[in-house]
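Following this message is one structure expressed as C-alpha cells.
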Amino acid sequence: KLDLGGIFPPLTTPFSPTQEVDYGQLEGNLRHYASIPFRGLVVLGSSGEFPLLAPRERLELVSRVRRALPRDRLLLAGSGCESTRATIELTGSMAESGADAALVVTPCYYRGAMSSAALVRHYTEVAEASPVPVVLYSVPANTGLELPLEAVLILAQHPNIIGIKDSGGDITRIGLIVHKTQQEDFQVLSGSAGFLLASYAVGASGGICALANVLGAPLCQLEHLCRQGRWQEARELQQRLIEPNAVVTRRFGIPGLKKAMDLFGYYGGPCRAPLAPLSPAQVEELRGTFSINGWL
Amino acid sequence: KLDLGGIFPPLTTPFSPTQEVDYGQLEGNLRHYASIPFRGLVVLGSSGEFPLLAPRERLELVSRVRRALPRDRLLLAGSGCESTRATIELTGSMAESGADAALVVTPCYYRGAMSSAALVRHYTEVAEASPVPVVLYSVPANTGLELPLEAVLILAQHPNIIGIKDSGGDITRIGLIVHKTQQEDFQVLSGSAGFLLASYAVGASGGICALANVLGAPLCQLEHLCRQGRWQEARELQQRLIEPNAVVTRRFGIPGLKKAMDLFGYYGGPCRAPLAPLSPAQVEELRGTFSINGWL
Amino acid sequence: KLDLGGIFPPLTTPFSPTQEVDYGQLEGNLRHYASIPFRGLVVLGSSGEFPLLAPRERLELVSRVRRALPRDRLLLAGSGCESTRATIELTGSMAESGADAALVVTPCYYRGAMSSAALVRHYTEVAEASPVPVVLYSVPANTGLELPLEAVLILAQHPNIIGIKDSGGDITRIGLIVHKTQQEDFQVLSGSAGFLLASYAVGASGGICALANVLGAPLCQLEHLCRQGRWQEARELQQRLIEPNAVVTRRFGIPGLKKAMDLFGYYGGPCRAPLAPLSPAQVEELRGTFSINGWL
Amino acid sequence: KLDLGGIFPPLTTPFSPTQEVDYGQLEGNLRHYASIPFRGLVVLGSSGEFPLLAPRERLELVSRVRRALPRDRLLLAGSGCESTRATIELTGSMAESGADAALVVTPCYYRGAMSSAALVRHYTEVAEASPVPVVLYSVPANTGLELPLEAVLILAQHPNIIGIKDSGGDITRIGLIVHKTQQEDFQVLSGSAGFLLASYAVGASGGICALANVLGAPLCQLEHLCRQGRWQEARELQQRLIEPNAVVTRRFGIPGLKKAMDLFGYYGGPCRAPLAPLSPAQVEELRGTFSINGWL
C-alpha cells in the first residue's frame, strides 16, 4: 500500500496579475520545495483554489507538477466533485495525468441529503472505479459537513481507500479513527498544522498542512521529532506554529497564505476573485504573527 | 424593469434510469405546466441539481426550455459558480441561450472569506458584465452562507440587479429588505412555499418554490388570494401547503420532490448520485403528508 | 380558557445605581403603561433579567405588579427553572403571588439530553401541578434549544397548557403550529415585534414583544390593524418597527432595551452585571435607529 | 500557588429514588475513591447536576465532601451563577464550606451579550472578591458559549485566577493557551477523558473528567504514563477510553454516567428530572461499549 507517512504541502495555485495560472511561478516554487523532505505534494486541495479552476487547468496543473516531481515523492490530486459520475471521471483523468492517489472531498451542496449511507455509496463507487488509491477528505470549515465516523469506519475497509485527511480538528475523533481502523492499515493525516503534534500523539501518520507552503522545513522537523519520540522539543516547536497556522487558514484564508509565501521568498501572488487580497493592516498583522513566533 | 411578480417553479431536471438528462420527459412536464398561470420558470436552481450537471448539459437545458416556453413567460437560469470569472462566462452563455434573467447563487466553498465586501464585489462584477438582469440568490441550507443584509442593500442599488430569491425563511429579514429597498424598485421573491403568504404579507413580489413543480395551481391560487387581500382564504390554503412543502424540501430533498412529481402525474424519476432514492417507508410518509393535507 | 389575544410587554426589571431592584421606578413605569391597551404584562421573562434575580426578588416583583395592575389585565410570570421540581415549586409561588398564568421557558443547561420526550414529561408534570395555566416558552437565542414541534403538538392537547411564546422567528413553524393545533384552542404568541405582522398573518393570537416596553402604543396599533384586516397600513407600520426592534433585542440586548426606555421617558436604568451598559457610540446608533424610522 | 496537576473526578450527586440528595451514598462513593491517586475532587460541576440543586443542597454537599476528604486532596467547587453578584456570594460560601478553589462556569443565558470584555469584567470581579483561587470553566456543549481565547489570556494574568477547565476539545486552542500563558504559571485542565492524552501532549497539567467517576484508576494511570513520557503505552490506554468516555458524556449524558457507575460498583442511581433514565436498549449499548473496550 502507498505509505502516506510524512508532510505534504497542499500547493497553492499561482496566478498572474490577470488571474491566469502562472505555471512558471509554480515551477519556481517546486524548485524551492525540492530541498525540503516532504513525503509528497498535494495539487488541487482547498488551498489550491480548486473550485475556482476550469477543468483543463486542473489537469494541466497535475501534469506539470508530476513532470517536475521526483518519482520518489508522492503526488496527491484533489478530484472530488458534487456528482459521483463527475468525481469518477475526474479521478480517472488525474490518474492518467500522473497522480499517485486521489484526494476526494465530500460532496456538500446537498448536505442535507448527505447521510452516512449516501456518502458510503459515493465513495465506494469512486474507489471501485479509480485506477489509483483514494484518500477521503473531510473539511467541515469549507463544506459544512463532517464525513461521519460511521462512514469512515466502513470505507476504511475498502481495499482502494487508504486514508483520510481530517481537517476538522476534533482530536478525540482522530484518535478514535486510528483506534478503530487498526486492522485496516488505514492512514490518518492531520489536515492542519495547528493540531499536527496532537495528531501524531494519538497515532496519525502525517499531515497535509497549508502552512507547509510557507514553513515546510519546520513542519518536517516537527514530524521528525514526533516520530523520534522527542515530545518536549516537538511541543516547543508546535507551539510556535499555532498562530502562524491560524493566520494562513481560518483568520485570513488563502489570501493570507499566499501573502505569507511572498514574505518567505516563494511566489504567492493574487487569488482568483471572489477571494480578495489582504488590506495593508491585515498584512501587518500577518507579518507580526510570524515575527512574534520567531519566524521572521 | 423585468416584472418578477408571481410564482416560478424551479424545474427539476429529469434523468433517465441511467442518469442521463431526459429532454423528452422535460418537455412533457413543460406541456403540463403550460396551463398553470406561472409568471415563468427557473432552470438550474437548487432543485434542478445544477451542481450535478456538466456545462454543456446546463446550456442545452436552457435552450430547450426557452424553445418550449411562450415569450410572455420569463425564463430565469441559474448561473452562479464559485469564481467570479466562471460566473460571468456562464451568465453570458445563459443569456445567449435565451434566459431573461440570471439567478446567481452566492459562492460558498470559501465561506470564511465571503465577507460582505467580497460578495458585493463579486455580484457587482457579474452584474456589470451580464447582458441580462441579475437576481441574487441566498440559500443558507445549501451554501452555509446567508448573503448579508448589508450587501443586499448595496447591491439593490445596481441598475442590473433587480431582485433576490431569499430561501432562508427569516421573515423579519425579508420584511426589512422590502422596507429598505423601497426606493430601488427591487423585487423580493420567497424561496419556499412554506413562508409564501408571510412573504406577501410583508411585501414580497412572488415566489420561486420547489413545491410549484408539484402543486403549481394551488400556489398560483395562493398568490392570487394574497394579491387580492383575501387573507383568510389565503391562510387556510397556506396552512395546507406547509407540510407538503417540508417533505419535498428539508425533509426528503430533491428525491422527495421528484417522487411527489411522480405521484401527481409529472415525470420525477431518479436523481443523480450521490442523491439517493427514497426508501419505501419514506415514500409512504411522503404520500401520507400530501394526503392528510387534502392533496391526494 | 384565558384569552391571550393582544400585546404584552415583557417588563424589564428596574435597578438602582447599586443594582438593587427599584420597585418605585417599576411602579412609575406601570403608571405609564396603564394608558396603553395592552392585554396584560409579563414579569420575569428574558427581558426581565430573571436569571439574575434572587428567588425572593422574583416573588416580590410578581406581588408588586399584581397589586398595581387592574384585574382585567393579565399577569403572566416566568417560572421556568432547570429542574422540574424547582419549576413546579416556583410556578405555585407565582400563582399565589397573583400570576394569571405561568410562562415556562425550556430547561437548557443539559440541552443534549432535552429530547422531545424529556421536554414533554417536564412540561406535563409542571402543568399537572400548576394552579394556573401554563404557556410554553421557546427562545433559542438564549437557550440554544428550540422546543421541538412534535413536543409542542403533544403538549397543546393538555388542558392546562394554553399556548406558546415562540421567539425563534421561524414563520413556517409558527404557521404550522397554528394549523396543527386548531382543534386545541391553543394560542400562539409572537415572541418578537420583528415578525408580529407575519405571525398575525399566519394565525397567531398576539405577541410578547420586548419592544412593547418602549413603543407599546404603536405595537397595540399594529395588532389592531392586523385584526381589522387593514394589512397595507399594518405593513407600513411593521416595517418601521423592524430596526428599532433589532437594536433592543439581538443587537444590543437588554442594555439597549433599557437605554431606549430612558430615551422614551420610562425608567430603564442599569442592568445587573455581567450585562454591561452601552458605550456612547452604541447609544448614538440606538438613537439613530429610532430616529431614522420616525420614532424620535 | 495551588498545584492542579493530576486527575479530578467531577462527582455526580447521588439521589434517592424520590430524587432527594443521598449523602450516605455519596460517602460510600468517596470511600471507594480514597484508594485512587486522584489529585482531588470536584463538587458541583456539570456532572454534579448543579443547576438542578437548591442553594442549601449545594453548600451541604461541599461541607460533606470536605469532611470526608483527606487534607492533601484538593476540593474544587462549582460556584458559577448567571449574575456576577450571585457568583461572588456563592464563591464566598463555597470557600467557607471548605473548597480549596472555585470552578466558575461562564454565565450563558444572555450569551449574545457575553462579549470578551463582559466576561473579563465578570471573572475579574469574582476573582477580586474570592477568598480562594478561581478556575475558569468553558463548556460550550452546555453553555453554547466558548470563553474567548482573548479573555482567557487577559484573565490568566490575574493573581487569583490559576487555571482553566476547557471542555470544548479544540486541541489547537488548548495548545495555544498553554503557549501564551507560559509566563503566568496558569494551569490548563482537560475537560474530558476523550482528549486527555492529546492535552498532556500539548502541555496541559491535568484533567477534570466525568469518566473518572467510573474508571478513575485507568485515568490516573494514563496521566502517569504521559508524565513519564511513555507515550506508546499511553496511546494504547487512551484509545480504549474514547468510546467509554463518549457514552457517559455526549451520547447518554449524566444518566449514562450514573448507570456506568452502577455497573462498576459505585452508586449512580437516578437523576433529577428533567434528566431521564436510560432505556434498556441504551443500557445495553452502554454496557457493550465498556465491554468491547475491555473494561467489563
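Letters A, B, C and D mark the chains as written, and numbering starts fresh at 1 in each.
Just so it is clear, a contact is a pair of C-beta atoms (placed from the backbone, for glycine too) under 8 Å apart; a residue touches a chain by one contact, two chains touch by 3 or more.
What you are looking at is a predicted structure, and each value in this text was computed from that prediction instead of being measured.
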Minimum number of chain-to-chain touching steps separating chain B from chain D: 2
Greatest separation from chain C - chain, by CA centre: A
Gap in Å, rounded to a whole number, between the CA centres of chain D and chain A: 36
Where chain B touches two or more other chains at once, by residue number: none
Chain C contact footprint on chain D (complex, rising order): 19, 46, 51-54, 82-86, 107, 109-115, 117-119, 121-122, 125, 141-144, 250, 253-255, 272-276
Residues on chain B engaged by chain C in the complex (per definition of touch): 169-172, 175-176, 178-179, 192, 194-195, 197-198, 201-203, 229, 231, 235, 238-240, 242-243, 245-246
